[in-house]
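Here come two complexes built around subunit A, the first alongside subunit B, the second alongside subunit C.
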Partner chain A sequence: MTATPILQLRGIDKSFGPVQVLHDVAFDVHPGEVTALVGDNGAGKSTLVKCIGGIHPIDGGTYRFEGEQVQVHSPRDAAAMGVEIVYQDLALCDNLDIVQNMFLGREKRRGLVLDDATMEEMAAKTLEGLSVRTVKSIRQQVSSLSGGQRQTVAIAKAVLWNSKVVILDEPTAALGVAQTAQVLELVRRLADNGLAVVLISHNMNDVFAVSDRIAALYLGRMAAQVRTSDVTHSQVVELITSGRSGDLGLAHTNGATA
Partner chain B sequence: MTAAVASEKPEMPDSSGAPKKDGAAAAASLRSAARTYVERVRGGELGALPAVLGLIVLCAFFAALRPVFLSELNFANLLTQGAGSIAIAMGLVFVLLLGEIDLSAGYASGVCAAVLAILLTDNGWPWYGAAAAAILTGTVIGLVLGLLVAKVGIPSFVVTLAAFLGFQGIVLMLLKEGTNISIRDQTILAVANSNLSPALGWVLLAVSVAAYGAIQFRQDRNRRRRGLVTVPLSLLAVRVGGLAALGAVAVHLLNQERSRNIIVDSLKGVPIVVPVIAVLLVAGTFLLQRTSFGLHIYAVGGNAEAARRAGINVAAIRVSAFVICSSLAAVGGIIAASRGNSVDPNTGGSNVLLLAVGAAVIGGTSLFGGRGRIVDAVLGGMVVAVIQNGMGLMGYSSGVKYAVTGSVLLVAAGVDALSRRRAVQR
Partner chain C sequence: MKAGPSQEEIRRHNLGTLLRHVHIGGSMSRAVLADRMGLNRSTILGLVSELASVGLVREELPRDTGRAGRPSLVVRPESDQVYVLSFDVGVERLTAARIGLGGVFLDRRETRVRPDRRDAGEVTEVLAGFARQMMDTARHGTNCVGVGAAVRGTVRRTDGLVRSASYIDWEDEEFGAGLTRRLDLGLPVAVGNEASLGALAEHLRGAGTGCQDLVYLHGDIGIGGGVITGGQLLGGDCGYGGEIGHMVVNPRGGRRCGCGARGCLEAEAGERALLEAAQRDPSATGREAVRAVIEAADRGDISARAALHDVGDWLGIGVANLVNILNPRTVIFGGTLREVFLGSAAQIRSRINSHALAASRENLRLRVGELGDNGVLIGAAELAFSTILAGPLEALARTTP
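On to the complex of A and B.
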């Protein structure tokens, strides 16, 4: 591991009631790179991401951001550091328009009054920067958008804030071929611009196409975090399905991470 | 929320004849704005349309059967009759926007009216002190209800159903098992019983239209300068002109002499409740449409989890909606006390809540949360008042009036459910 990670998690535990979902998870995210987070359904990927984003409090372990240990108690804390998350279920408000969704919770104001003009300008610029041309009007209600358009709005919302870390939870799961390619291209572009990007995906082709590193979760444990160029498709699939592959991955005793 | 319309090229190929070009372009942009509106309605965003149509149909119906319906006296009556439940309905809009309900708003207004009457008449407080205490009572009620819903997590239906019963009891206790306290304070009585002088009516209308126009055009100029999508200027002109025209007709009618016996007493001018409701309307609209707080109300009503992830304090938003609702119910209670010249155990009781919920829903506020505006309460409140008033003129018993109003509420809720389904299906 050459560059210092911008986000560094160690020993993260997380339980929901009696069910422990994350066990002693270590996870590094580097600026300028795409880190793919893979794992089977229910492995704990979304849970890990929600812990990073302050949606779920962590039970134990350390959370370092830019080298400093931090406490993230709420989505606001994460956003304040520059961590933005595009959730699997998108979390957009159907009854609000695109601009309102993009700025939700962080509206631009002039005194008491919403500064709609400025927000509209910024939103338009961001969407343009993402080469989004498919929406008719940025004052359109989100309920009237297609799945791909919603995804784009959610991503635009995340990159609007000059964020440092952008985490995308299965952004292409609901998309067609062309739109998937667009989103992946976007993911790559964000990383090339120096952002740290985390991409959760079940599609190995996508993972190998854009990622620099791969982190594999297996039953709530981090099986391995490796450079994409150092592994093959089948090794990653093995890590996902059995937690180990050759000398990579978890020891039989379910011990420490690699 | 602002009625921004998708930009369509204002110039149409068929805009012939150079001298008429401006007019043609304006007409074309108006036409395209109208088309966008029709599309929105088709897509299930009915907004105020059913209420406005209903109002026109009902007025025509009653006017045809009972010409006295159109008399100036009846017009003024209509406004003062509707004002109390409109104020309560305005508060309910905040709670309905969250997808919650407040069944206790009617009796909350009764409790606040009782507090007002006791302080004014029994304790001799000045009107402003008593009115402030009544509104503060509403605020505290809302705070308690809101905390029970948002912090304890009891469904609002249950909390406010319990409060509905409880407040009914509190009113009885405050009024010593049903005595009636009359209101003698001239200022409070004036709210629902007196009128502005004709001149003052005109001045207020002129000021309101000028302010509305100035705000609209300044906003438009700002957006134009920054190259953002704007509503066609002609549409702005239609809006401002429409407000001015409607207002002028109303003020003119209300300024006519409507006393049956001029020698005894002159009766003319805009009822004071009209500017009171107008102020609440402007303040509520500003709060909901132009501030972060308002946006967060819509967000929580639309998708509470998304709001939470956006860092919005969902519980605080919920509590404040109940606080606003009960505080406005208190205002409704004050208006009712003024109109009845007294407070009795029935103030805020019987059909008050049903009429207020009906007003909000008939006006276009969704029972599913996330959709609605303050003006809905006014439009829907007028529909309800017209039904009550018109059927009264036709000599129907209150039984029939209740049944019809109940049916109208059901129809409005049906329209709400169907238009929502339509919006979801797309």
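On to the complex of A and C.
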């Protein structure tokens, strides 16, 4: 419920060749809160978080982090500020174990050799800190994990680096009910521990169960950013499908050509 | 005019407070204790020495020592030495645990109950058997300092008389007194309502830690409730308060409730209502059955979706009322309501956002219980620990063989 957002985007434009995918997007993310990012397929949710994560350069607009305007040109720039993204396709390596995955590309070394003991300890501590008890051994190959466990490892990997903002792109899309519950609890715990969390989801129960704020994208425009305690399910559905609901939403939408 | 508290009373209070800090917060250094209690270090040293001398706490090096510098000692509760017995009289099972100071499970037993073993005398026998087994395995020289028990019914605060527990057909059952006599430990058995104890447990050790105003809803065939206001469990005049499951939400033509009334929250949103609306066997209650409805809804099953929609509606209406009356910071969904909440949160929230006053709901947090099936046992144990935390030396002196 902090007043100042840790992440603040204004006027973000993004095109792929001739196709403009994001139009003048404003987006705020607050520490200690879960911000749900919703919108129909193709609305631009993944594109927006890839811009935040430095995968796509933005064409225009400002990006502020902790109040300072910043230039984010690569995932490394984002990670250096403490912004971590768990992508829709997860990007875990099946043939590596949990510890190796969590440190992939950022291995700890002592001199020239890998510092396995430190990495194991950090991995174990992170999983423990998240109250993750379903993983049997941190030396287990990722290929042997269930969907929910893979998602958990990907999230643990994101918080391992003292991150301040964690963005999760549809973490529950491929999961059953029990595993979704575990991941949602984890998402909530991250925010309750003070992190800023962005959750992309198409499932309105997930959104209303864990979010503090809801940001609705409609055809590449931010239709509205509202507090979850101020809206109903049907209002959010209207924002997603038509870009407006009563007083909320875009002033002028001219349908599919917006 | 009453004189101020005596030195002795202040000391007893401080000993209890310090013990409560390490019991709830776990091992911590004297410096941290001094800070939290607002006392100077020499006073803390004296209190710690006194508690250590009777075997309630121990000072030791912290488990996980940092790299640099000399680690300072921490005060640790003597979990192996000092324990309580905790019982949970469920509808389908009886559970017992031996729980050490600090909330550590040292032993746990359970058995499924046959319908013909619901008689209070029989239940008492089973629990006494568990108590014997668990105390036999405890090390010699260890101390049982309290006994707590949870039942799904209304319990009179003064003497643990169970006024009514409809799921197990008890009425005016002298359960607390009977179990006290049967155990014969020289300790009165403290009896409480299961959801109230679940609320206490989540408040002290779960999703409501650090939150002084919360409402807990517990799904378990019916719907139980517990309310913490200003850090205290709300019991009302005789201890029957907090029966959220019997809050009337739909009296005109609503469903018949086990209590005899119509349209109670439990009748409209309990497991049976959910299963029936989803066109399933309403008597096959339990977590698996509830989960199956949510999974079916996830796959697009129309009646499962409609059932969750309805149940979510009633739950949201119930919670909106509670939010307006109590202004809780947190509402916690436990038992099988954890699953129901996650499966119908959009509906529940929408109702709250439409019916609860804006000011009352603006900081409201909806959470699921963190303690799972052990919550009730943990709550009953906390009830049992309350005597030793109120006056550690006196309580211990009374129990030492």
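Keep this in mind: the second predicted complex is superposed on the first by the 250 of 258 C-alpha atoms of A that agree within 3 Å, B and C clash if a C-alpha of one lies under 4 Å from a C-alpha of the other, contacts with A are read in each partner's own complex, and residues count from 1 in each chain.
In the analysis below, a residue touches a chain if its C-beta (ideal position, glycine included) is under 8 Å from a C-beta of that chain, and two chains touch if they have at least 3 such contacts.
All values derive from a computational prediction rather than experimental measurement.
**Student:** Does subunit B (first) or subunit C (second) touch A:204, or do both, or does neither?
**Tutor:** A:204: touches subunit C, not subunit B.
**Student:** Once the structures are superposed on A, label A:64 by its partner contacts, choosing first (subunit B), second (subunit C), both or neither.
**Tutor:** neither
**Student:** Once the structures are superposed on A, label A:185 by its partner contacts, choosing first (subunit B), second (subunit C), both or neither.
**Tutor:** second
**Student:** For A:233, select first, second, both or neither according to whether it touches subunit B, subunit C, the two together, or no partner.
**Tutor:** Only subunit C is touched by A:233; subunit B is not.
**Student:** Give the label of whichever partner, subunit B or subunit C, reaches more residues of subunit A.
**Tutor:** Touched residues of subunit A are more numerous for B.
**Student:** So, A:114: does it touch subunit B (first), subunit C (second), both, or neither?
**Tutor:** first
**Student:** What is the contact status of A:10 with respect to subunit B (first) and subunit C (second): first, second, both, or neither?
**Tutor:** Neither: A:10 stays clear of subunit B and subunit C.
**Student:** Which stretch or stretches of subunit C touch subunit A in the complex?
**Tutor:** By the definition above, subunit C touches subunit A via 291, 294-295, 298, 338-339, 341-350, 352-354, 358, 361-364, 366-368, 370.
**Student:** Could you pull out which subunit B residues touch subunit A in their complex?
**Tutor:** 1-2, 4, 6-7, 43, 45, 222-223, 226, 228-229, 290-292, 295-296, 298-299, 301-303, 305-312, 370-371, 423-424, 426
**Student:** Under the touch definition given earlier, write down the residues of subunit A that touch subunit C in their complex.
**Tutor:** 1, 131, 176-178, 180-181, 184-185, 188, 204-209, 227-234
**Student:** For a test of understanding, state which residues of subunit A touch subunit B in their complex under the given definition.
**Tutor:** 53, 55, 74-76, 79, 85, 87, 90-97, 100, 104-107, 109, 112-114, 116-117, 120-121, 136-137, 139-141, 143-144
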